[in-house]
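Same chain, two partners: chain A is paired with chain B first, then with chain C.
On to the complex of A and B.
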C-alpha cells in the first residue's frame, strides 16, 4: 500500500480542520477552535485500482501577521488549498499559498476547495466559483465547492487529489 | 557522543524530552521509557519509526542527509500527538543512527493556542463588523483624538480615496478633507452630538450625527439628503405620469386644479378630444392608435408653457390647465393648436382633427363644476361638426 502526504493550507478559519474531520470521521461541529502547529490524520482512500494511505496534514492557518510554517510542506505529495467562500479575501490569498508551495515542492497536484458553501445563496455560489475559476483555473488541477457542514464536495475533493497523487 | 549522552540524561530527567534512535532503514534501535505516551500503541524495537511517527513520512531525505553530513538537524515544530504538542528534532547520533528527540511543548503551546484563538476570533469579529459597515448606504467615519481610525467603503468612494491607509495619511494635515466645512473632528462632534444636523459637503446636503463610542471613539454618520429627495422625486414622477404618453395622469391634474381653485386663482380648463379616433383603432389597429396618441401629445406639449399642466384623461381625451385669466388669449392659442393639428400629417394615419371644450373658472367654482362646463363645451363641438373650439 502506498502512503501519500496531503497538506491542507489556507487562511485561518477557512475550515481546514472541519474538512478533514468530515472526511476522516464523518463528523462536524459548528464551534471554531483554532489549530496550532500541525495535526496528522490517517485515512485509507479506496481508488478504482489501488488503495492509498492518506497522511492528511492539518496545518495552522495563515494570518495577516503570521505566515504558514513551510517546513510542514516537506515531502508533500499533494496539497488542498482551502478558501472560505464567504470571505473573498481568503480566496485572494490562495495565490500566495500556491507560490509558497511551488517554491518548496516540485510539481505536486493542487486542488482548490471553496468551502462553507452551505452559507452561500445560489447566486453567490455561481459568482464565487466563476471568480475562483478565473483566478486559479490554470493553476490547480480542479476546484470544488465544499461544505464540511453538509458534506458537499468533500469526498469528491479528497478522491480527486488522491487520484492525482496515485497517478490514476 | 559522550556529550550527547550527558545532555540526554540531563534533559530526560526533567521529563521534557523523549528520544528514539533509528538506523538507516528507519528501524527503531533504542528509545526512552516514556516515549509511548505520544503514540497510540506501545513502542517496539525493530519496528519502522514511520509506523509511530507518520510525521517522518516525506522526511526520509532529511534523515539520510543527517547521516551523511553529520552536523545537520531538522526540526518539525508543534506537532499534535496523542493530546500532547511536541517538537520533533532529527539529530546526528552516529554514522549509522539518527537521534529523534521528542520535545514536549504542551504547556507553552496551550498558552499560545489560547492567545491564537483569542486573536483569530477578534480578527473574524473585526472582519464581520467591517463588512456590516461597508454594506451601509451612509458614510461612516470613526475617529479618536481627532485622527481617523476607520471609514467605510461609501465614505472612501464618496471622497475618491483609494483605501483607509491613504485616508489615514491625511490626518497629518489635520483633517484635510477640504470639502467638509469644519476645522476638526472635535468641532464636528460638538456640532452633531445631540441631534442630526445638516451639513453641506460640496454641492450635497448631508444629515450628520455624532455618537461617542467607549469614551474614546467618535462615530460620525453622514446620510445624503439630496440623493434621497431625488429618489423620492423620481418615484413621484413615475406615479403621476401616464406610461403611454408621458403626460400627467388625471389624478395629478385634479389635484393641481383643486389647489388652484382653493387659492382662488382664475384658471382656464381645456378638454381636447381627437375626432373619429375609434376609426383609427379599427382601421390601423391599436398599436397605430397608441402611436397617434403619443404623436398628438408631443405636438401639443411643444406649444405649451412649462407651468401649463397637460394631462391625459383617458382614451383619446386630454386636459390642459392654464393658469391665466385672459380667456381670449387662451382661446386664440387653442385655435392655433387646432389648425396646426388639422394640417399635421400623422405617421401611418395621415390627417386628423381635434375638438376643444374651454371653460374659465368663476367665483366658488369646484373641480367638478368646471370640468362639467368644459365637457359641455366639448360635447357642443362634437355634435356640431367637430374640429372646432367651443367656450362655455
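On to the complex of A and C.
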C-alpha cells in the first residue's frame, strides 16, 4: 500500500480538527495537539485504481502571537489549507501558509477548504467562494466549500487531494 | 574504528558510550540507596535462596530490559518504512505510532535547538515503564521499543544492528516514496523479527544458567499453597457476599448465606412468593448452585398474597372458560342453523325431484292404462245403454232406424235420441282428447242395390248426420268435435243373423274412435329412456 503524508494548516479555530474527525478511521487523542502542536490521524482512501494510506497531520493553527511549527510540514505529499468561511481574515491568511509551504516543499498539491459552510447564507456562500476563487484560484488545485457539521464537501475534498497525491 | 565501520551511526554511538556507562552506574547507585525499601529485602531473600550475591542481582536487574518492537521511520514524512514486534507488545496501529513518534521527536529536537546552543538529538523517550530508544541516521529514524531503559550492552547491541541496517539500505531509505510493497520493506521486517527473536533467546539462555536450589522451590510451593487456600476462601466469601447482594438487588428480599456443618445454607423469609423462583434462577446461574441449600420460608403476608393471587387466577380462568364456552356454543349454533338450512334446501330439491318423478310415474301409468281406463269409463258411462257395444266400445244405432229405405235424410226425432248418447260418448272421449286420433261417424247400407250407389248413399247419410249435429251446441262445442270424421261404408260389413241378413240392422250408423297409438308409444318411450 502507498502511504502519503497530508498536512492541514490554517488559522486557529478554522475547524481543521473537526474536518479530520469527520473523515478519518483512526486518530490519537486531541490532547497531543495541544501538547506538541500536531495530531496524527489515519484514513485509507479508496481511489479508482489504488488504495492510499493517508497519514493526516493536523497542525495546530497559527495565531497572531504564535507561528506554525514548520518542522511538521517537512516531507508532506499534499496540503489542505483551511479557512473559516465566517471569518474573512482567515481566508486572507491563507496566502501566508501557501508561501510557508512553497518555501519548504516543492510542487506539492494544495487544496483550499472554506469551512463552516453550514453557518453561511446562500448569498454569503456565493460571495466567499467568488473571493476565494479570485484570491487563490491560480495557486491551489481545488477550492471546496466544507462543513464538518453537515459533512458537505469533506469526502470530496479529501478524495481530491488523495487523487492529486497518488501521482506525486 | 567505530567511525570507520559505521560512517552514519558512528558519531552518535561513541557519544553515547560514555553516557550509557554513566546512566548504568546511576541506576545501580539508586538501587543501593533503596536500603529500607521492600525491594531490598526481596533481593536479600533472593540472594540467600539462590546463593547469588546481592551485587550480582543488582547488575542483573539493571540489564533486564526486553525488546518489544522495532520501527524504521522516514524522517521527513514520518511515514513508517518497516516494523517488527513481539506478540506481547501492545502497539495498536504501527503507522499512527510511527508518525506520532516522529512528530514527538521533531518537537523535542526543535525545543532542544531553541534552548541549547549545541545541536543535540533526543535519544530516549520514556513514558511509565515503556521506553523508546531512538536513533536518527540519514533519512530515517530507527526506534527500539523496550519495557524499561536499556543498559549499555543492550544499546550497543541495538546500535550495531541499526548501523548494519542503515549501511545496507541507505539508498532505499533515501528514495523511499511511501510504497510499502517494495521488496526491501519485507526484508527489513524479516531482519528486525530475527533480531528481536535472537534477543529474546539470549535472555532465556541467561536465566537458564541460574543454579537449582530445592529449598527455594519447596518454600515457594508451600507459600503458593497457603496463598492459594487463603485466596480461595476469600473468593468464596466474596462470591457469597456478591450473591446475597445480587439477590437483594434483583428481588428486594433480604437473604443471608451461612456455613453450617460444612455446608452453605441460604436463609430468608420472602415477602413476595414469586421471588422464590428468581432466587432459584440466580442460584442456578452461580457457580455454587450445588453447594448451597435453600432454607426459605414465606411471610404471612406472602402466603396471603399467594392465596389471593391463586384465587384471582382461578376466577380469571373461570371467566375465560365461560367466555370460551359461550363462544363455542354460538359457533356451534350457527353451524347447526347453516346445516339445517342446507338440509332443508336439499329436502326441497329432493321433494321437487320426487314430485317430478311421481308425476312421470303417474303419467307413465296413465299412458299404460289409458286404453283400459278409457274403456272402463265408457263401460261405466254406458252401462245400461242399448246403443253401446261393450266389446268394440263403440255406439251402434242400428236399432234406431235413422233412415228410411233409399233416403239420405235422417229422422229428426230419432236424431234427438241419438244426440243424447252421442253427446255422452264425446264427453267421455274429451277426457282423453290428447290421445284420441279420430272419432269416426260411420254409415252402412244393406246389400241390396248397386254397391257404388250404396257407398255414395252412406257417405251422404253420414255427412247429413254430422251436419245436423253441427247445429247442436252441446256437440259442436265438444273439445273433441274437431276430431269427428264421417265415412260411408256402403254395403260393407252387413249384419247377418242365422245366415240371413238383417237388412234393417245393416242399414245403420256407428260411432267409434281410434287412439293415437304412435303418440302414446312415443311418449312412453321418451319417459322410459329418461328414467
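Definition applied: the second predicted complex is superposed on the first by the 155 of 168 C-alpha atoms of A that agree within 3 Å, B and C clash if a C-alpha of one lies under 4 Å from a C-alpha of the other, contacts with A are read in each partner's own complex, and residues count from 1 in each chain.
The rule we apply is simple: contacts are C-beta pairs under 8 Å (C-beta built on N, C-alpha and C of every residue); 3 or more make two chains touch, one makes a residue touch a chain.
Here the structure is a predicted model, which is why all the values come from computation and not from measurement.
Superposition of the two structures on chain A shows chain C clashing with chain B. In the superposed pair of complexes, A:51 makes contact with neither chain B nor chain C. Contacts of A:13 after superposition on the shared chain: chain B is touched, whereas chain C is not. In the superposition on chain A, A:2 contacts chain C only, with no contact to chain B.
In the superposition on chain A, contact is made by A:87 with chain B only, not with chain C. Once the two complexes are overlaid on the shared chain, A:36 sits against chain B and chain C alike. Look at A:119: by the touch rule set out above, it reaches neither chain B nor chain C. Put simply, of the chain B stretches 55-63, 127-135, 307-315 or 343-351, the part that bumps into chain C is 55-63.
Touched by chain B in one complex and by chain C in the other are residues 3, 5, 32, 36-38, 40, 42, 55, 69, 71-72, 74-77 of chain A. For chain C in complex with chain A, the residues that touch the partner chain are 74-80, 93, 95-96, 99-100, 103-104, 106-107, 109-110, 177-181. Residue ranges on chain A touching chain B, taken from their complex, read 3, 5, 12-13, 32-34, 36-40, 42, 55, 60-61, 63-64, 69, 71-72, 74-77, 87, 89.
The residues of chain A lying in touch with chain C in their complex are 1-5, 26-28, 32, 36-38, 40-42, 53, 55, 57, 69, 71-72, 74-77. In the complex of the two chains, the chain B residues touching chain A come out as 50, 54-55, 57-62, 74-80, 85, 109, 112-113, 116-117, 119-121, 123-124, 127.
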